[in-house]
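In what follows, chain A forms one complex with chain B and a second complex with chain C.
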Partner chain A sequence: MKRTGPLGYLAHLGVWTYVLLLLLPLYYLLISSFKDNTGILTAPFSPFTGLRPENFAQAFHNATLGPALLNQAYVTVGASVLTLVLALPAAFALARARGPLGVLIERIFAMGFLIPGFAALVPTVLLAISMQLFYTREFLVLFLPASAMPLSVLLLTQAMRAVPAELEESAVIDGAGSWRLLWSVYLPLARQSVTVVVILNFLSFWNEYFFALVITGPDTAVRTAQVALPTLSQANASQYGVLAAGIVITLIPVYVVYALFADKMEGAVLAGAVKG
Partner chain B sequence: MHRLATLGLAAAGAALLLLTSACAGGAPGAAPDSNTLTLQTNWTTGGQENVPLTAALKEFTAQTGITVKVLENGDDLNDVYATSLLAGKEADVLLVGLLEKQLDWVKNGAVVPLEGYVGPWGLTDKLPVEAIDDWTDPDGHLRGLPYAGFTWPWWYNTELLAQHGATVPTTTEELVATAAKLRAGGVEPVVVGGNDWSGQKIFLQFLQTYLSPADAVKVFNEGNTCANPDAVRGIELFTQLRDAGVFADGVEGLSADQAQAMYFSGTAAIAPLGSWAYLAAPEKQAAATVLGGLPAAPGGTYAKPTAFRGSTSAGWWISPNGQEKIESVQKLITFMYQPQVLHSMLADGGVVLSTATDVDTTGVTAPLLAQSFNDLPAKVDFAVMPDLHVPADVSNPMYRATSIAYTKGNDARKICETVDAVYRSVR
Partner chain C sequence: MIAAPPASAQPPPAPAPRRAGRGRELAWLGFTLPALVWFLVFTVGPLVSLFYFAQTNWRGLLSPRTFVGGQNFARLLDDPVFHHAILNSLVQLVVSLPIVIAGAFMIAYYLALRPRGHRFVRAVLFTPVLLSAPALAMIFVGVFSPSGLVNSTLESAGLGELATPWLAVESTAATAIMIVIIWSSMSVSAVLLASRLNTVPSELFEAAELDGCGHWRRMWLIAWPACRESVGVVTTLQFLWTLFSSAAIVLLLTRGGPGTATVNLSFLVYDYAFNQSKVGYSQAIAVMLFVVGVLGLVGIRRLFRQRY
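What follows is the complex of A and B.
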């Protein structure tokens, strides 16, 4: 069905305006990464204020982004894997639970949304110190999943509830135990939701700054890229072009991951949209 | 089989995590390693001053065998250091400025007082009395050892001024006339970050126009601006010049970086900029710039134009951990005060030193840096730098209050009441 007439043009105009609004910050970031301070601050949206590709090399060197990106990847992948390892069995159990205990536990997970991250800062730091894990990346790998569990468990629980009971009964008759059920029946059918959880957690963990700053600290051996980036900017010696170049560099892995999983994520969203 | 494999994988993962965690953890109660020092600083790799610092640390290691591990932070250094202190893992030595939260570091036990080290370490003749005073807290404790300072003059683009028939103004009347000529030619006159720390300092430079240095210190310290007629007179001068169009349009919304960019691009002809910008200035602007001060007001305290200077840009601080390795720390710090290191800081890093040592200024090629040593002191009087006297918890809220001062329509009474309200709110 093809929509024509003024309403159709208006819809197109709205969509394209929205797309442009989304692209504007990216455009600003990209052109800024090739400019110097004067160019950025006096002609912010003009691409014609001199080309400084050396900003990227400076950002990479000055913030030691090589090790920082590896640390970021280590923390992000470690925390993402641990989140899945914990959330999948929890969601599986909650999806199959029929009693009031299951409802209670699910509500406890939902209440996790009510705890603001900053409220947990002081106890988290004290915990890291008492565990002898302060200034280590491993504490972040252990801690970040705690912040991601509510959303991950609730999303996966809903996805697993959609698995037909007949499939589970057939598998049980064939001798499948709980782990086999999870691995061979529930997980494949919840694959799209798992992808959504992976992407959301990846983005959240990759962009985490404050806990990484306070807990891993400034040592280049352990600091993450998000902690390294602000060293490119100071109160009276900011180099915004170099900082923008650093941000672009740290964004690349995010876009690669999104590009790899985008179709699956869109599929999951669309699948949810047509259900019912 | 699959079940076993899954469980085995999970167990292996957990074991690996615990193993790496154990390796990463420190050994509590272990004796401090005096052959390694940790230095935390905001002289980050991208900054010009980091070049001589890195070279000096390399030379220090070659001479003493003591390795110095450098931890770099931007503006988040305070938070990171405070947390590391809680964990007992703070850096041994810090090279950072004296402002805001650092003002209370000795009082809070975050660093150790250093007055007992100056004499025994042979630094007495290397640290001027004024700098020692700046770094001494109200309880008489020396917070850190002064190292880098700054000058904060007003920059005048003589090329732009000449194009519009003006010269460098030396009085406030001349400044108003100069601003009018510049505006007529489409050039913004004085540009300053009216929305941040830089605007606050310049506002307070005006405020003290009719105050004695002692009274300026008292007002900065306690507030009560409205109750001091001379302070109010200074604010009235500020509003009078503001309303005469001395400041650039929209100055109340500008940041220090935007103001600097406007001067560097030639959009504005006059800007109060600190010594941190000397090396960053484009060649053309640097060549055309003459350093001066805020033009003198008739009847004001200072006969010459005023500028700021200070000794608080960076100093050496020693943490409780550093005190446990005090011999190594002594070696590092005394090395950093050696004449060749100081010369390198100046010539290679553009660092304005706050030491009393006669530093050899040969090799200083940056024209503005050279001007600040050779010409500026004779042309200006140095006004009271507010940073050390405005209480730490007043500084930040005052940025917002002073941006009101740059907004047209706000009179002296409203401005002084807003400033005083900030002082009252933190008491």
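What follows is the complex of A and C.
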């Protein structure tokens, strides 16, 4: 800021206060995860009053986080792969077909943005029951891609439209069929958007809560980490340290991915929102 | 003498080169079929059937249902819990939307000026994106619990007598929910708007600065109209998030309580269907929720598109 009037100071103060308010609960979470109740009560703000790594072991055990994290990974990876398998050919076709039917199909997907899936919570459970997939992870693997389909298809279509026609023509002259064309010409050129789609879907599938709650139910063998986590607050109402440790455990995968791909991830979220 | 065509006339434009002819187009569109089927079966289908289920008397997911027409909707009219839920949802929208959008926009403007530390601020603002609803709610269990962050802060500031169990008191629980909604979403909206502001040509601002416009007027008179469409997008996302995703926050922080103080529409859909054996009735509420959602989306579109 070039001129720092009273408004400028106010702006600095306001923004940094907000930053502090964002960090404080996260800081509190992190330090509490290493404390017992006495520590949380008597020294709420001091870091590491006597380390208690057993909080993590206890959280892991009480909420059966081991299988829960594996289930979460299974659902996330399965749904992400299925989304790509479905969305890539669709985007490939939509990018090339510009007739009225193609426009119509694209519009159907664009409308999908505006469908609030949450309203259909109960009918979705009914669908799971009628497919005999209630209380299974497999239904989530099948269902979640549908919710991600509009954004995935539109982002990929946009990227594939940018593939120059000459490239395609020369590939066709060389005798490439449709699948070959998709695999060796379009996919490599749309790589960036594929990354964006994968990151966005990873985030939303890993963090999915409500549908996972009603579909996988309370069974510890199939429930996901997001469903298992809140049970810690009911079972250990008086021990925030254990709950905090549980939260930290479920956050680690996401933050590791973020640490590795910070720039890509921010770009992906921006791209996703702008399309929305 | 045959009049020569005016020099400027071009031969009739050749049809734009198409990559695929009609017949081939159909063949191509076969590729979209799996995605389309998936979308129709898992998203559109359940949504359409919602309107049928809303007209049934249906007590449990696995029990039989009978068609009763508009009876469920008639019941809504004198259900005090539903009225409370509508009111809470509207209050959540009316209070949190302006705060989040205006706040996010001001933060975005601040970030776009690239003051010292803006990279750090951006990184911090981005962190709530990564939190799932359960993680967010559980963090705030610790913040608002009787011996939690807020009360500890008050205690150490010598204001111990202000400490209460925030989530268990009727007068503060709804505000606490609202704070969680604002806390978790304002930052992301700010990052989104900041990236849009960075693409506004700086000459616009420089001209205004020469004319003696301060930051406050530049922010609202130049930056805001320039970002109108992005503000609309962010408002839409925020609207959907507040209306639908807040159900998880309510469920995990207060379960609608104390009493029915914090019930909102999306929470009620879940609660009636899965905890209170009123499945058919809950679907009538889901229809109302859907209607509020569509009306809101259309309204927001109008609001942010009209001045072109």
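The rule is simple: the second predicted complex is superposed on the first by the 210 of 276 C-alpha atoms of A that agree within 3 Å, B and C clash if a C-alpha of one lies under 4 Å from a C-alpha of the other, contacts with A are read in each partner's own complex, and residues count from 1 in each chain.
Here, a contact is a pair of C-beta atoms (placed from the backbone, for glycine too) under 8 Å apart; a residue touches a chain by one contact, two chains touch by 3 or more.
What you see is a predicted model; the values in this text were computed from it and never measured.
Of the two partner chains, chain B is the only one that A:Gly177 touches; chain C does not reach it. In the superposed model, A:Leu187 lies in contact with neither chain B nor chain C. Within the superposed three-chain model, A:Leu7 lies in touch with chain C and out of touch with chain B [touch as defined at top]. In the superposed model, A:Thr38 makes contact with chain B only, not with chain C. Of the two partner chains placed by the overlay, only chain B lies in contact with A:Tyr135; chain C stays clear of it. In the superposed model, A:Gln58 lies in contact with chain B only, and not with chain C. Contacts of A:Val77 after superposition on the shared chain: neither chain B nor chain C is touched.
Of the two partner chains placed around the shared chain by superposition, chain B and chain C are both touched by A:Tyr240. Touch criterion met: A:Pro89 reaches chain C, while chain B stays clear of it.
Touched residues of chain A were counted for both chain B and chain C, and C has more of them. In the superposition on the C-alpha atoms of chain A, the part of chain A touched by chain B in one complex and by chain C in the other spans residues 40-41, 85, 125-126, 129, 142, 214, 230, 232-233, 240. Every residue of chain C that touches chain A in the complex is listed here, in rising order: 17-20, 22, 25-26, 28-32, 34-36, 38-39, 41-47, 49-50, 53, 61-62, 103, 106-107, 110, 113, 115, 120-121, 123-135, 137-143, 145, 147-149, 152-153, 156, 183, 186-188, 191-192, 195-196, 214-216, 230, 233-234, 236-237, 240, 243-245, 247-248, 252, 266, 269-270, 273-274, 279, 282-283, 286-287, 289-290, 293-294, 297. On the side of chain B, the complex with chain A involves touching residues 2-3, 6, 10, 13, 17, 20-21, 24-26, 28, 40, 42, 44-47, 69, 71-76, 79-80, 83-84, 86-87, 89, 197, 256-258, 260-262, 264-265, 267, 274, 276-277, 280, 282. Chain A meets chain B in the complex at residues 37-38, 40-42, 58, 61-64, 78, 81, 85, 125-126, 128-129, 131-139, 141-142, 177, 179-180, 183, 213-214, 217-220, 222, 230-240, 242. Interface residues of chain A facing chain C in the complex, by the touch rule stated above, are 1, 3, 5, 7-8, 11-12, 14-16, 18-19, 21-26, 28-29, 32, 40-41, 44-45, 85-87, 89-90, 92-94, 96-99, 101-102, 105, 108-109, 112, 114-127, 129, 142-143, 145-147, 149-150, 153, 165, 168, 178, 203, 206-210, 214, 226-227, 229-230, 232-233, 240, 243-244, 246-247, 250-251, 254-255, 258, 262, 266, 269-270, 273-274, 276.
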